[in-house]
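Each of the two complexes below includes subunit A, the first together with subunit B, the second together with subunit C.
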Partner chain A sequence: MTALLFLLLAPLFSGSVKWLKARLTHRQGASPLLEYRNLAKLLSKAWVRPGLSTPVFLLGPTLALLGALAAALFLPLLPGLSFAGDFLVALYLLNLGRFFQMLAALDTGSAFGAQGSYREGLVTILAEPGTLMALGAAALAGEGLGLAGLPVLGPENALVLLLVLASLAVALLAEGARMPVDDPTTHLELTMVHEAQLLDHGGPLLALYELAASVKMLFYAGLMALLLPGPKVLVFMGVVLAWALALGYLETFGVKLRYLRLPDFLSYNTLFGVLALLGAIWKL
Partner chain B sequence: MSEGVMVSALALVGASLVGLRAWGSGGYALLLGLGGATLVQAGGGMWYGDGSAAGVFLHLLGLLTMALASYVPEYLGHHPKEAPVYAFLVPLFLLAMVGVAQAPPGLPFLFFWEGMALLGYLLVALEGPKAQAGARAFFLASRLSGAGLYLAFLGQGHLGPDWIWAGLLVGFGVKAALFPFHLWLPRAHPVAISPVSALLSGAMTKLGLYGLFQAQTWFGPPPVWVGFALVLLGLFGAVYALVRGLAEEDLKGALAYSSVENLGLMLAALGGYFLTGKVLFLGAFFLHQVGHALFKGLLFLGSGALSERQVSRLGGLWHRMPLLGGLVLLGMAVGAGLPPGAVFAAEWLLYQGFLFAPGLLPLGVGALALVGALALYFYVRLFGLAFLGAPRGNVALHLGPGMRFGLLVLAVILVGLSLFPQEFLRPLGQGLYPSWALWVLLALAFGLYRWLDPRPSRSYGTWDCGFQPLTPRMQPNALGFSEPALRLFPFLRLKVGERPELDEPLERVYQGVGEGFGWATRLVQALQSGSLHFYLLLQLLTLVVVMGVVLL
Partner chain C sequence: MDAVKEALREGRPVALFPDGEGVVLVAEVGRDVRVFHLGEGRRFPSLAAEFPAMDWWERALWERGYTPEGHPNPKPLRRHDLPFAFRAFKELHEVPVGPVHAGIIEPGHFRFSVLGERIVNLEIRLGYQHRGLLALLPGKGPEAALLLVERAGSEPLAHALAFAQAWEEALGRKAPPRAHALRRAALELERAFGHLGHLAGLFTDIGYAYGSTQVGRIRALLQGELDRLTGHRYGRNFLRVGGVWREGRPDLSALALYREELARLLPRLLKHPQVLDRMRYVGVVRRVEAEALGFVGPTARASGVARDLRQDDPAYLSFQPVVRQGGDVLARAQVYAEETLQALDYALHFLTHLPEGPLAQDLPPGDGEAMARVEAGRGEVFWFVRVAGGKVALAEGVDPSFKNWRALELAVRGEGLPDFPLCNKSFDLSYAGNDL
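Entry: the complex of A and B
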């Protein structure tokens, strides 16, 4: 259920961010709904098969989207599947998509694709431990180690959950390949992380990849919504709106970090994760 | 010992005798297959009957043996000169491993243990002059392991549990590549021929784990520090091995480092079990063993088809042999810990074990996540550079029907274990995530793939930025791909340049220990002056001292 909601919402989310960025730079901006038509157009187009490519080239976009959607299935915003340890399966499903996305980038024999591929791997190494520790801390503070039993923010667990929220916010920027980790609008292949992996994917394959990137961001927004008090779906809408605004401002006024400076930024994620876990262990 | 194990032991003896004369015959393959099948049956009976650790080991050994039965005769056809010796020794090596898993503690156990070490050494050393360094490392490690075990077995009843368990930790830890005793493994395993590497990494290392697990029934429960040592060294060793493996240019060498990583996680699971007694850890411990044996066996046997093992000289192998590419991709995806693989199921149990554990143990989750992310990077590098992209050199590929069948056997069993991991965990009474949800995902992925593939497309060259055309040399090489990740870890330094150099401080520590040992032996050597007068003086002094001790 949640997966379907995310699939419907994903184009609107990325469209709104683009619209806001245009307005902030005094351009008129295309309607946020244009993304839907853009996707429909991409899906109906033919795609380009690079001469060297193998079936892995198609598995990349397929599993990137399905992995992200399957991860969304475990979010109990709407009725779905829930069990102890479901957040671990969800994060590893994102990894499943990432594995094939990185391979698909190498599949073309392109130097740029390979660059994007190992940069993506580097971001994962930096971001994953903190995210999993933060989610583990939230699960420990709640009941039954599942997403359905996550606690909501209150005075008794404010410290741990605020740290978890901070860690998830950094993770969203890293996972969604947004500034300051990556620049989604860059025009120079040498600086790309996410886009460099998609250089040779066109038509429906590009559509799947773009959907996957937005669904991943919505997944992290959904995780944050679970930790906030209030009716789940409404809170989720609020979180998504807040993220659209935040991304719009961040990407208009912020700059992308130099690639070698990434560890400085993403180590905050690890720090928040460790602190949150320690807080959960000592029940602060 | 059960009847099934007896039958398989006889079949293995028969196979080794037949192998000496007729290694290429169907009879050899049949006897080896019979030995494997009966081991699978007997081991499975023991595991599903009363959840015995020996059962798990015999089960996985049997599975590997069945794959080898069809793989080995054809593989040895490419090495006709050494073939009879290999065909003779491999079944004996299998027999020694069966013996270790079945022998009672004490001298019979040590007999089979040393026999296994000796046969393993011979199998590595047979590969010729370029394997000598690896074989020597294997031999030294076996001696260290033996020393630890003699301390434990002979000291039983005389020494306290701390000493006994220190001996066991070294004795079995060396075989299971416990950090920092793991250095021998990536030197010795990859230089052997591929079927032997598969047996060493897939099966023999598991006997170290089996020994540590059984030791609690032989020697009583371990002291608390043993559990902590296993968790800390296991997790750190897993991270260390993956980072070091990222700097490895040899395909089989990298696979050996991945074995150290997987064994580190299994050791951490065992340590967690010692500390908390939770079944979650036990489930992770056993499931990971079988999963690792299957996927590592598949990858080592698959790499046996290649004439070139330097990743930087491979590339584009998928086009030449899609079947090999698909099977290796399966093995590497499982090895990277991706759902719904068996290794993922084991790691999932381990994560939960750590989260439920008391004290600071939940911090282990961070180490596990780092291992997961590094393993992703590690296997993308190996598969992407060797099997995808443009070919970078001429590589000969040999994969006949027999070898192909052996690979398929392992792949089918691996898929089965990945789809139904909870069946394997039944004897422990340990539940798992609802794995049907992951099958649905795979079915949907298959459907989406079948929808995309026939959609209109046109073939075109890879995007080259509009400048000069791409050449295969523009793809990153094996070290270039991992250099950004290596920057992050202080225990390894890679100097890039025309000739990249790798600096591993741990290796220097070992060199220092070796030099210190040499210095100490040279001191003792001074006694062996060769002068008769000096020896007579020494004898007199000894006599005086002994008389003094006795009389006073």
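Entry: the complex of A and C
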């Protein structure tokens, strides 16, 4: 159910961010609904594959989207799957998608695909421990080690959960390849992280990748919504709206970090994770 | 030969071009221009081993059938089927970029040798835009020739002005004072327009959308004023040999307004802490390098070389070049920002102090030869023209980009690969201008 919701919402989310960025720079901006038509256009196109590539080239976009959607199944915003420790499964389903995405980029044999892959690999490696520790801390603070049992923000666990939320926010920027980690609008191959992997994919394959990127961001927004009090779906909508505004602001008035400074930025994620974990254990 | 070496040691090459069986070397020493005739029988002594600034010049001539004798590494400058020279050790990873890029930009091939993300060496190969423009010029009359010259580089007005001035001087004539002032005003508007383009590009490349749209907005408005003055958004078909074709009426109060707005906006944008973090200490070209390789324009001035051809022009009163010492991307951005304001000041000055008189004088079809230099936005534009019976007998032009491309090779050494586009944009050189 949640996966379906994400799939429907994903184009609207990325379209809204684009529209907001246009408005913030005094441009008219295309309708946020344009993203749906764009996806329909991409899906109706024929697809091509580099001569030397293998079927892995196709697995990349397919598994990136399927992995993200499968991970969304575990989010109890709407009724879905749930068991103890399911947050690990959800996170690594996302990573499975990314793994095949990296393979698909390497498979093209282009220098940029490889460059995008190792850069995204580095970003993931740096972002992963913090996110895992943060989610683990949240699970420890709640009942049972599942996403369904996550605690909601209240006076007694405010410190831990705020740290978890901060960690998830950094993770969203890193995993979604948004500013200041990566500039999704750039045409400069040498500065690209995420986009460099997609250069050889076009048509329906590109549509899958674009959907996957938005679904991933919605997944993290969903995780944050789980930690906030109130009716889940409404809170989720609020979080998504807040993220659309935040991304619009960051990508208009912010500057992309130097690539070599990314470890500094992502270390905050790890720091938040460690502190949240310490806080959770200390509370126990 | 000693005089040639002396000139190159103290100054820098301005142009090297073939004339009949020999070659002509033009060098600038201090503010003087010296001309040397070298070689015979399509052979000339190479100076590249001693003066690296001559390397590209001699290789370009070699492609045109003139042999530099004793060149340490003769290889074509614009042919693409030969192996790359740089092979330090085999662990170096080579990243080929271009000539087809992911954005709609001019084609050029960049071959990086990298260790991890660090650039050890960059070799630039251009030549994809070679149109044989110089070969088309002989036999053309002034109008037809200017049409081509305006399309030589990215700065139509500067090229046309240098060419027209060379032609006028060859015939011993001068443009009327009113035309002279109008030409200078248009040139300054072109400079401001170009510099704002470089700045907007820099902001785009670091993902600073607010900065690039704000600068881009004023740039577009300025382009409108350039259109009002010259009748063309890029200033084409405005200059003629002997004067200018027309005189438009730009909105002077609007120009003053844009200048004030830029004076507030640009320093603020360039002080954004994240912008500073991206630009400072990145892509450094040191002064010794700038002098040894003969860089020109903002590239040289950002590295501490206080030379601007406008210093020699009495129309500019007491001209003070904008100079920075850092040599990094930030220094170049600051030079662009300050020169934009300076250019708008001069444009306003010329337009408010227009002398009375005709817009042009008709030149008789005479004979003669002369050279002229104009400070364009990117640096020194050079044109030499030999007129015979009112037609071009021999013409040779040099775009500043040809002199500055190697600054990029130096600037990115030791930088991270992801910072290359930023360094590239900080010079913002013309690919087409390099290949006349």
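One rule holds in what follows: the second predicted complex is superposed on the first by the 283 of 284 C-alpha atoms of A that agree within 3 Å, B and C clash if a C-alpha of one lies under 4 Å from a C-alpha of the other, contacts with A are read in each partner's own complex, and residues count from 1 in each chain.
Simple rule for what comes next: a residue touches a chain if its C-beta (ideal position, glycine included) is under 8 Å from a C-beta of that chain, and two chains touch if they have at least 3 such contacts.
Every value quoted in this text rests on a predicted model; they were computed, and no experiment measured them.
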Quick check for you: in the superposed arrangement, does A:140 touch first (subunit B), second (subunit C), both or neither? first
Examine A:189 and indicate which partner it touches, taking first as subunit B and second as subunit C; both and neither are also allowed. both
Go through the superposed model and pick first if A:27 touches only subunit B, second if only subunit C, both, or neither. second
In the superposed model, does subunit B or subunit C contact more residues of subunit A? B
Could you look at A:115 and tell me whether it touches subunit B, subunit C, both or neither (first, second, both, neither)? both
According to the stated criteria, A:36 is in contact with first (subunit B), second (subunit C), both, or neither; which is it? neither
Pick one for A:98: touches subunit B only (first), subunit C only (second), both, or neither. first
Figure out whether A:268 sits in contact with subunit B (first) or subunit C (second), or with both, or with neither. neither
Between subunit B and subunit C, whom does A:179 touch in the aligned arrangement: first, second, both, or neither? second
Looking at A:199 after the superposition, I want to know if it touches subunit B, subunit C, both of them or none. Which is it: first, second, both, neither? both
Please write out, lowest number first, the residues of subunit A touched by both subunit B and subunit C across the two complexes. 111, 115, 189, 199, 260
Which residues of subunit B touch subunit A in their complex? 315-316, 318-319, 322, 325, 329, 333, 336-339, 344, 348, 351-352, 355-356, 359-360, 362-363, 365-370, 372-374, 376-377, 379-381, 383-385, 388-390, 433-434, 437-438, 441, 444-445, 448-449, 452-453, 455-465, 470, 472, 474-476, 481-482, 484-485, 487-488
Within the complex, subunit C is touched by subunit A residues 21, 24-27, 111, 115, 179-180, 183, 185-191, 199, 251-261
So in the complex, the part of subunit C that touches subunit A is made up of which residues? 95-97, 101-103, 117, 205-210, 213, 217, 272, 274-275, 277-278, 416-422
Quick one: which bits of subunit A touch subunit B in the complex? Just the residue numbers, please. 46-52, 54-56, 58-59, 61-63, 65-67, 70, 73, 81, 83-86, 88-89, 92-93, 95-96, 98-99, 102-103, 106-115, 117-119, 121-122, 124-126, 128-133, 136-137, 139-140, 145, 189, 199-200, 203-205, 260, 263, 270, 273-274, 277-278, 280-281
